[in-house]
Each structure stands twice: as structure tokens, then as C-alpha cells.
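Right, one structure below, let's go through it.
Each chain gets a letter, A, B, C, D and E, in the order it is written, and its residues are counted from 1.
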């Protein structure tokens, strides 16, 4: 799918968000294209999660627009996101705890065709076929990430690192062009981290990745571009090396130790 | 000082801790390390009475803790910053802090001011509901709420989770200071072994519920075996 | 002035306030349980009903009104505390349907037991205050000694509850225990005690309400006496916000007045229809109640 | 696999024995007892053969259709042998089961608590009566569909606020609706006949295409009203088949996702509001069908029937049967239909004065108590106990199945 | 050994009849006395050898008055229980209770040719001989009661403002129609809803009373159930409003109405109200009252606690009334009992030897039953007395209200 490489998938255009008197984002603009891995970093309370939430439609921008070039729309609601080719994993694992791993992954294909009310209720042959296809697909996605052995387990019964992979598998079910990861490294130990990083690099061939992360040892080698927020404003943008040497970023975020 | 002896804890048939023994000395930071599911959280929860052990004892300055209720343990000055923050979302920042100060019977106003001074970001948000804080801000609030009661023992479950590098460093420094000046006993659980070992005096390494190392922090940090097999550190 | 006081509007307002404080009190007792244990108690009418039977009827043979009231409230405390200990304790942290079902079952049992002991025949309660309206210049205006007693009681109870929650540490602990029992324990809050206390207080408030309601000579005291009132009380609580003691009373009074006007100027068969309408509209506009402030972020 | 099979045999036997025992307790005559026992045994055995796990996995819908058809046809045959009382009890319970399966879906699957399904039933019941009074010639199937639509519309109306309400607010709103419902009916008395309710205009005679199937002149009773029972049973079978589809389909999954984790559900593309309202509409349509069938069976409706107490009864029996499950609704329906008999039986056994204060309140005490005990000890009711048992037998460790998948049982 | 077709429920030694009644549930207190008292009569008759050699077996089925509850399946319950009676093989239902409940099984019983006798309700629904030839009411209809009230009002308060409050079903509409037919058109007429009454604990009644007060009505007619009577009297008391109350027999029982007022330091507000009755007042010295007591005392199973001094309630006299009417009709039918024969007797015979004050005169075109009664006054919180002893009869149509001589209800010798 490398022919799509470089094609823009998401663009924030001078987005501001106010919460009451508090300005969580101020005139923030950046974008992500297919095939690149972008990191969003900044001090606590800088507005990173808010930026994610604006993209996903959980928060309405007070000013500015979020564009989704693939479907040529802006300011979507969260449930329209997967149709815009964007999948997001949640902080922690965010799996459905009462559903098996397989069902969790099948849930990722919720928006596929032929699964509407009538097809479900009447059990049309078309609906039955769609469901079978969904199940097969989910199994092969699990297999692709090497976790198909836990398909029938409940999320609570599988190791944390595996659960993170399952949540990525779920995201992949909608065949996204952009994968958004919210603090993916937290809770993983160092060996799990490097495995996870390898997986993300592997995915890059077919999609863009946008991630929020505080673990610099994980982020720096992984990403191609960093966007740094502070008090809701973009204070720097560039390659990891550029950002690491940016005085403002060091003062606000990294500290001298880095 | 916290002394853990022969501690075994189980969830149903699954043993999360098996015969764990170690000491956490006063005025020192004891790091508890280990991979996911090693039993670190379980250990802290057992110390603060949220989980009843199958066998073993936990004493705090000669007081046996295992038979006590959580709230009584807390009232002895053992503060626990739980995994996943545990701030009360429907409360304002200030109410969360007030709740933390309740049992300590301190001058509420003064202790609130102290925390706002230490963590200015909380001062700015004092009337905001904790639900609306960012992830890191919640982590800071949780820490402040534990510190406000001037505890004698501090149990920290992955305090750096979601914190920016700068503030992580700042908090670690604060803990180190308190430890030295206030006779504080700290048990620090960390996923991120390297940063924990940097400030800890002593380290206990758990592997699927068993203690595999219990030594001075620097010794653990140097041990290539431990690093590779139990701490998941990539050399 | 006289003319205004005895006018139709004034009498509707006064009548509405008198009914409304009752709705408000029921709402308040619901709020108390909600705030201190996070459960909507569907037996919130039946438990006080039981306390009222015991206090006012069983002990009514031996003691005067005020002693009986005190006994009834004490019995209410006991029922509340006992219920929390036995029935509610196992339900914390379970899916929300569980407490609903259990309390509905409890409601059924209580009403059946009361009817089995005292039969469904209405009982009349003595009151120290006359329920007959005052007259002004020969015309009645919609206030009696009894309704004054009712209004004053409601205000006192409401103020006490509001002060408890807003200004005291006890209130803080009650709320914390409901919202996050484990965290509260870690902070040294005696959670079990708080949970029991919440139910105790709420059933106490409920008992005061039930005594007032069944002193109403339209119906007297029956096992079902609180059923209808509970519905209105719930509507008041939902409109005011289940977290807001002040909101619940205010909403109760406002709803009481509106319904009084509906009954007078439209048709009293429409009262319940209008109440339902108010509920739906207000919840559509403010799903967590008019007086609620918290709007949680979700991610 | 061997283990699985033998455990199924054990369960089948136990269930059949229990069914036989129950039949004798609850049915008035021994003839009915035998007939019911045979029916129950056939259903259980047939069901467990049909539900062989291989077939079920490969062709779930076919299995489901076969099961429903078999269950319905066996019961239809049985109705020819039952006394009219038993038939009527069965039909009443079946119509209730339709309502129950709707609530089972709403509360058990989509996680929204409703205390108003009795009123939704009333909507269907009155829609049926009102329509029949104005258009007495409409075919019965059409009238039933009209009632379902009426139920769906009211469900939509109440479901819309539900999109914004959570937990207690929602439960309370449906409670207020249920409490208000009889008063609303009497308020519109020109349509609903006020407190006195409505009668269906024409006597219960089968439509001519059906009449041929029923031999006249056996006994006056069966020829006259048997068809009512049979139509109700067929409608129930169809309703259950569709509901079973819904439970296992993508739409059913969407509901479970919403209940489990709203944010994650939204992110996989589920429209929360739509899912919530849909669950409401489905459940109220089912309730309306149940109510319409009742009207059809009884030839009349009154507001008092559809009071709040009915909603409570509905909630109670589905909890006892097993909320969130399909068999639970059937069990609940049976419990409902025979509750009067069981209470009378208890009264007789205990030698209470049936006219006394205590006996007259016994039903409240027993059902209320049962409700509490069920919730405390077996929150997923009788069906839940069965699943837990089967689950424990069938999967010795490892292969953990989700609780939700367990509910994929067939009608 | 005879070719005569067998009549269901009838053998040489026994006749089986049944009824659906509220034995449990909300309506059971009070009303459950009705069927028990009827059963006491049948037991008494059986002890005397039965009717024409047949003992009467009375099967009672609980339908919880059609209100759903635990163990009660609401209206469907009435149908279920009626079917249970049918399959038990009854000759007829006798004295089943309730308007909506009995309405719901009319068709069922009719299509099975089972007579539905003496339905316990004052609705006009029971008088439809063409459609339901086996259906018979017993008590004076609400409509007739209204006409008799109208006659009383025009005579006593010819110029007064009259207001009317009735229940929002046939009770209210029939009663109001009767009032109007009798020549009294209320200046304000209101119908309350039972649903609203229940939900608001009676408060929904207060606005009507306030209206009546501002309308300056001095006569208020109530077609209310006891709970609504209470709410009305209470609201009036609160407002200091005291018109002349005229209250339907359904909602006037002084003992019941007094309950919520009992502990107020004021007299029962119902005292002085005028009501209606078609049965002898319990206080009257009447041959039947003594007989009633004898019958009830003899039935230790149904009335274990009934003593020589226990009050005989209106519900008891009601049950005794229709039970006596039934045994008399059965007796008159003769040795051979068929349904057709029984109905023929019923519609061609005037039964005057029942406890009721007017004769029970069914005709092939009138199945209404009692057609009149007398006015009573509430004299204390527990008793009523005849206003003047005058008995009136009328019909449910446009017929006049006629003063009649009260039948001196005598007891048939074979029943004594």
C-alpha cells in the first residue's frame, strides 16, 4: 500500500479549545501523512490528550477545524472516525472486558457493510456471510500479530503486553490509514517496549502513526517527526534531533537530564 | 520501618506472592521491581490491608498490620498512592486534598497551602473537578494527597506513569528529600527499572511472586543477569 | 393583601408549596442514599412506611404523638442501617440492575408484610396541628397549621442535610465512600460506617416524610402510602439532580406548584402526565439534573 | 468431547426429570401433567440433539430456525391434547415470554434498566384494541404488526431521552412512565375507554383460512379458542427466532460493546445514541407484541392491568428466569403463567387460612423474597445457573468463554 | 338410562357453580367477604338437604380483581381462572366480581353457553339479552341510583346549585346519565381518573372540590369509590366547605370512609350525607338480619371469628342476597335442571323473597336485576339509617322514578 505513502490523512488547522476559562489548545496546527510516525509530546497538562480528543471528536474545537482529507470532511463525531480511516487505541488497554479477545477484534469491524439491523434481525444470507467473513478476518489479524492463541480468552486473563497487541489488532480491523496511540508505552517493560516499537515500525508501511508518549527512550528512536506542545501551544516541531536540541523544549519538558 | 516476612498472597488458586520477605528501612527508598504481573501491586495492596495474605506477616515498627483494617492502617500514617491514580473524579482538587488531610488532624488550610506551593499546577486547578484533569495532573494530585497527611510510610505504585520527564525528576527529588529529612519510609514500585534504581537505596526484585533479588540498589543495577532476565532491561 | 392571600393564585402557590416540600423531602432522602452509596433506592418509600407503622401505630397505643415520632425515626434509623448491612452490602460494585432488583424485591416484601400485619385498611394518625385551612376575613387561604408544620420541617431537614454535605468533613467522607470506597479506605475513611450512616440518615429523613404524608387525611397510612409520592419524589430528585440536596427540595417545590396550577386550571387527571413531561424535558435539557455541575471528560 | 457429551446427557436427564416434576405440581389435571411432561422432555432432548456443538458452530442460524420450528410444532401438537386451561396458561405465559425476551435484550444485553415494560405492553394491548374497534375487519397478523409499530413509536419517544440518561436516571424515567401510564390512558378516555378499558368488537372466531384447520365439535371449548393459543405460540416462536438472531449478531454485539466501554465502542464506529434507542425500540416492540397477544387472548383490556405493578412483575420474572439470556425469558414466562397455581399450592400445603391477611399477602412476600434471593445468589437466574453448570463441566480450564457468548442459546 | 342431554355441572345429587373473585391482592379486603357469605348460604342450604335434592358446590377462583401483582396475572388472570372454572364443568358462574373483569369474559362464557349470573357490579353492561342471553346483573344499576338521587334532589333542594363528581368509567358516566335523566343537570360535572387518584394519594381530587366551592354548589353528588370519597371530604374539610353530600352506595360505607378521619378531633365529615341502599340496613330489625347471622354463625370455616355480636357488613349482606336469589331460582326451576330451563325460570319469575327491598324482576328483555332501593343517611361514623323508609323503583332508561311499597322481605319457609 506504499502508493498511498505521503498522502495527508489528518490536518489540524489553527485549532483552539477552551474549557470554561481555561485555554487547553491555542492555534494548534499540524498534520500527519500516510507512512510517517509522528510523536506528540509536552509537559503534563499541555493539551496532548485534548488534541487527540479533538481529532476523535470527543471535544469540539472552540475555533479552527480538524480536516480528514481522505473523506474530505471536517470535525467528525467519534463514531464516524473509523470510516475516515482513523483508528485510536485508548490509554491502558481499553478492551471490552466482558467480550473474548476474538469478539474484541471483531468489534473493530463493526462498521463493515451488511451488518445492519435487518441483516442481523432476519439473519439474511448476506448478513450471515458478512459475519463469517468478519470472524475469519479477526482470526487472521490476531495471527498476524502473533496472538491468535488467546482468541477465546477474556482480556482479564491475558498478559498486559498481549492485551496491548490485541488492542492494536482491533484497531487494524477497520483497515485504518492512521493509527493513534495514547501513551502506548506505559505499563510495558523494556523488552516488551522494543517488541512494541518493532510492531509499529512494521505497520508504518501501510499507515501513518500518531502517538502521545512521555517515555523518551521509546519515542525518540521511533518517530520521524515530533510536535511539542506547552500550555496548549506548539512550541516546536521537527525531527527528534532538532527537538532534543531546542532550548525551549528542554526547559519546559525534557529537563537537563536528557 | 516495614518488615515483610514469609508473605504469601493468592487470588483464588493463583498465588500472586510466594514467601516474600524483605525490609524497608526508615529514611530510605526501597524499590520493588519486576515485570508485568510480578506481584508488585499485590504487595503494596497487602501492606495497606486491601488484600488479606494467606500466610506471613507485615509489621510496621513492631505493629502487626496483616490483621488490621485498611482504614486503621492508613490512620497509622501509611499512605498509599495506588496504581492508576485513584483520585476521586467527582471531587474538586481541593476536596481530594482535604480528604487526604482528614485523618491527620492537621491545620487543613496550612497543609493545603503547602501542597499548592509544592505543586503549583494544583493550586491553579483547585476548584476544578479531578475528572477534568489531564492524566499527569491526576498523578500529581494523587501524590500530593498522600503527602499532605505527613505520612511516615509512603507506598508508591508506579508514580512516574504518565508524567513528563521533567516533573518525574522533580517528584523523585521531592521524595528523596522527604525521605532524608522527615524519617519517611518509602516503598517505590516501578515498571521502569532504570529510573527507579537511580534514586533507590535498596531494591527488591520480584518474579512471578518470588523474590529473586533483595539487595542494595546499586548492586542490583549492576547485575547483568537480573537486568536481562527479570528487569527486561535492554543492555 | 387579604384579597391576594385568598385569591386562587395565592392558594395554588401555597397548596403547591405544601405538596412540593413533601416531594422535595422524598427526593432528599433519595439523594442522601445516592450520594452516600451510589444506589437509587426503590424501597425508599416502603422502608419509612414500615417505620411509621411501627412507631405510630404499634407504639401509638402507649405514647403521645411526639414520643411516637421519635420512636418512628429511631426505627427508621434501624431499618436503614439494617438494610444497608444485610441487603445492600453485597451489592456494591455489582451491575446497576442488581441493586434495582433487590430493592424492588424488598419494596414488595415490605408492603406485603405491612399489609399482612396491619391489613390494607387505612390508618389514621393523630396530629398535633389542625389540617383545616386558616381563614382570613371569612375566606380560607391554602395554609393550615399542619401545612406550616410540614413546610418548616422540610426546611429544617434540608438545611441540616445541606450543611452536612457542604461544610462538614463527615459529609466529605460520606460522599467519598460512595464514589470511591477503596481510595477512601486508603485515606483512612471508615467506609463501612459511612455507608451505613448514609442509609440510616436517609431512612430517618424518609420516616419524617412518611409521617407527614400519612397524617394527610385524604388517605391515612396504608402499606402503599408512599408509592405515588415516591414517583413524584423521584421526579423531583432527577430534575434537581441526584447529587444536589438543595436542588431536590427546590425542584420538589417548583414541581409541586406547577402541578397545583395544572390541577386547578387544566385538569387534575393531567397532573401525572405533566409531571412526566417535566421530567422528560428537564432530563433532555440537563441529563444530570438542573442543579448538577459536574461534566466529566470521558477520555 | 466425550466429556462434553456425557455432561449434556446428564443435564438433559436432569432437566427432563425436573420438567416432569414441575408439570405435575403446576398443572391442574394429571392428563395435562403427562402431556406437558412429554412436551418438555421432547423439547429438551430434541433441543440438545439439534444443539450439537458442531452443527451449532457451523450453521448457527439454521440450527436456530430448526429449534424454533421444532419447539413451536411440538407445542402446537400438544395444544390439541391439553385442556383449555393449560392452553390458556401456556398462551398467557408465551405472550409474557415475548415481553420478557425484549427486556432481557434491553437490560441484559444493552445494559439499560427499564421499569416501564409493563406500560409498553399496555401500549401494544391498547393499540390492538383501539385499532380493532375502528377497523374490525383487519386481519389479525396486520393488527399485531400495527401494535408492534405503536410500541416501537412509543419506545422511540422514550428512548430518545434515554440516549442522554444513565443508570438511575433512566430507570427512574421508565418508572415514572410506568406509574403514569394508567393515568395517561384514562386521560385520553375517548380513545381508551377510560378506567373501564375496551372490549374487542367481535367474538373470538378464527379467520376463515384458519377455521378449516380446526375440527369443530370436539368439545365446544377447544374448537372455539384453541386457535388463539396456537397463533400466540407461533407468534412467540417467530419472535424468539428473530431475537436469538439479534443476540448473536453484530447489532447485539454493538449493544454489549456500548455497555462494556462507551468510549471504545464509539471508536470502533458504534453510534451510542442509535444503539441505545434501538435497544429501547426493540424491547418496547416486543413488549407491545406481548400486550397485543394478551388483548387478543382475552378480548379486552383495562388500564389497571398495565399498572406499575405489572412492570415490576415483568422485571421480577425475567430476573428469576435469567436476565440477558433467551431461555431465561421462556422460564420467566412459565413462572409467570403458573405463579397463581404455585401460590395456591403453597397456601394449601401450608394450611394457611386462604382468606386470611397473611395468605392474601403471601404472593408478595414470596416473590419479593425470591427476587432478593435470586439477585444475591444467582444474579443470572435459573438460566444463569444452568450456564454456569454447563460451563464448568464443559471447559476444564484454559478455554474460557465469555459470559456473553454463553447466552447465545437458541429459542 | 335416559336420552336427556346432560347439563354441565348438574348431577342427580349436586350442582356445581363457580365465580372469579378477589381472594388475594389489593381488592381482597372487604370484597372477599362477599363470596364467603354467599358460600355460607350454600353451606346452610346443603345442610338442609340442598335444593331439590342437589347440594350446591361453589368453586371460587382468585383473579386478584384483575390487578396484576405477584401471583396475580391481571386481567388475563380473570380469563385464566374463568377457563379453569369451565374445565371444572360448572353449570354457571354466580356472583363473579368487577366490571372490567367480567366484561373481559362475557364473550368466552357466552360462546360456551355458560350463564353468567348476578355479576357483582352496577354497570349496565350486564343488561344485553340479545347479545348475551345468559348474562345477568343483580344490584341496582348506577344509572338507576342516579335517577333516584335526582328525584330526591329535586324534591328536597329544588333551587340548589348541584355539582357532580364521578369516576372516569361507566360508574361515573352511567351515574351522571341517571342524574340527568332524573331531571337534575349539574352545573359542574367532573370525572376523576382512578390512575391519577392512586398516584397522587387523593390530591388529584382537591381541585374539583375547590371548583365546586367557588361555584357555590350546595349539593354535591359523588359517584366515587371509598378512597375518592375520603379525598373529597378531606379536601372540603380543609377548605371549610360543607355542602349537602349525596354519595353512591359504592363509596359511602361509613366504617370505610371514616378510617382516615378516625383520629382527628372532629366528627366524621360524612355524617349527615345521604346515600342509597337496596339491602336492609344492618341496624334495622328485619327478619333477614337475624337469618343472616344464623347462617354466618353456622359457617365456621368461612367465618371462624364471627360471633353473635360481630357486625354484619354490607359486603356480607350483598353476598347473602344474591346467593339466596340463586337458590330460590334454582328451587323454582324444579327437579330437572337445564340451562335453558333455569334461564326461563329466571326471566319469567319475580323473586320477592330475597333480602333485597325491591323484587328481583328479570324479563326476557331486562337482565338488570334489582331496580330500586331507598335513601339512607349516615348517622354516625359506623352506621346508616333509612332516611324516610320510602322505596323507589325505576329502570335504566327513561322510565319514571316510582314510589313503591317496600317488600316486607320474608324468608321462604324451606330456608328458615
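The definition used in the following text is that a residue touches a chain if its C-beta (ideal position, glycine included) is under 8 Å from a C-beta of that chain, and two chains touch if they have at least 3 such contacts.
Please read all numbers here as calculations on a predicted model, not as lab measurements.
Listed by label, the chains that touch chain D and also chain E are C. Summarising the inter-chain layout, the chain whose CA centre lies farthest from the centre of chain D is B.
Two chain pairs, C-D and A-D, are compared here, and C-D has more C-beta pairs in contact (counted per touch definition above).
With each centre defined as the average position of its C-alpha atoms, the distance from chain A to chain C rounds to 48 Å. If you average the CA atoms of chain A and of chain D, the two centres end up 43 Å from each other. For this pair, chain B with chain E, the centres built from the Cα atoms lie 78 Å apart. Averaging C-alpha coordinates per chain places the centre of chain C 39 Å away from that of chain E.
The set of chain A residues touching two or more other chains comprises 49, 56, 58, 90-91.
Chain C has residues 108, 119, 227-228, 231, 269, 271-272, 297-299 in contact with two or more other chains.
For chain D, residues touching at least two other chains, in rising order: 179-180, 183-184, 186-187, 263, 316, 360-364, 367-368. Against chain E, in their complex, chain C makes its touches with residues 8, 11, 15, 19, 108, 119-127, 131-133, 135, 140, 144, 213, 216-220, 224-225, 227-229, 231-232, 263-264, 268-269, 271-272.
The part of chain E that touches chain C in the complex is made up of residues 26, 29, 70, 168, 191-193, 195-196, 198-208, 210, 214, 227, 230-231, 234-235, 237-240, 256, 259-264. Against chain B, the residues of chain A that register as touching in their complex are 19, 42-46, 48-50, 91, 159-161, 183, 186-192, 194, 214-216, 252-255, 257-258.
Chain C contributes residues 169, 172-173, 175-176, 179-180, 182-191, 243, 294, 296-297 to its touches with chain B in the complex. If you check the complex, the residues on chain B that touch chain C are 48-50, 69-72, 74-75, 79-80, 82, 86-91, 95, 98-100, 102-103, 129, 131-132, 145, 149.
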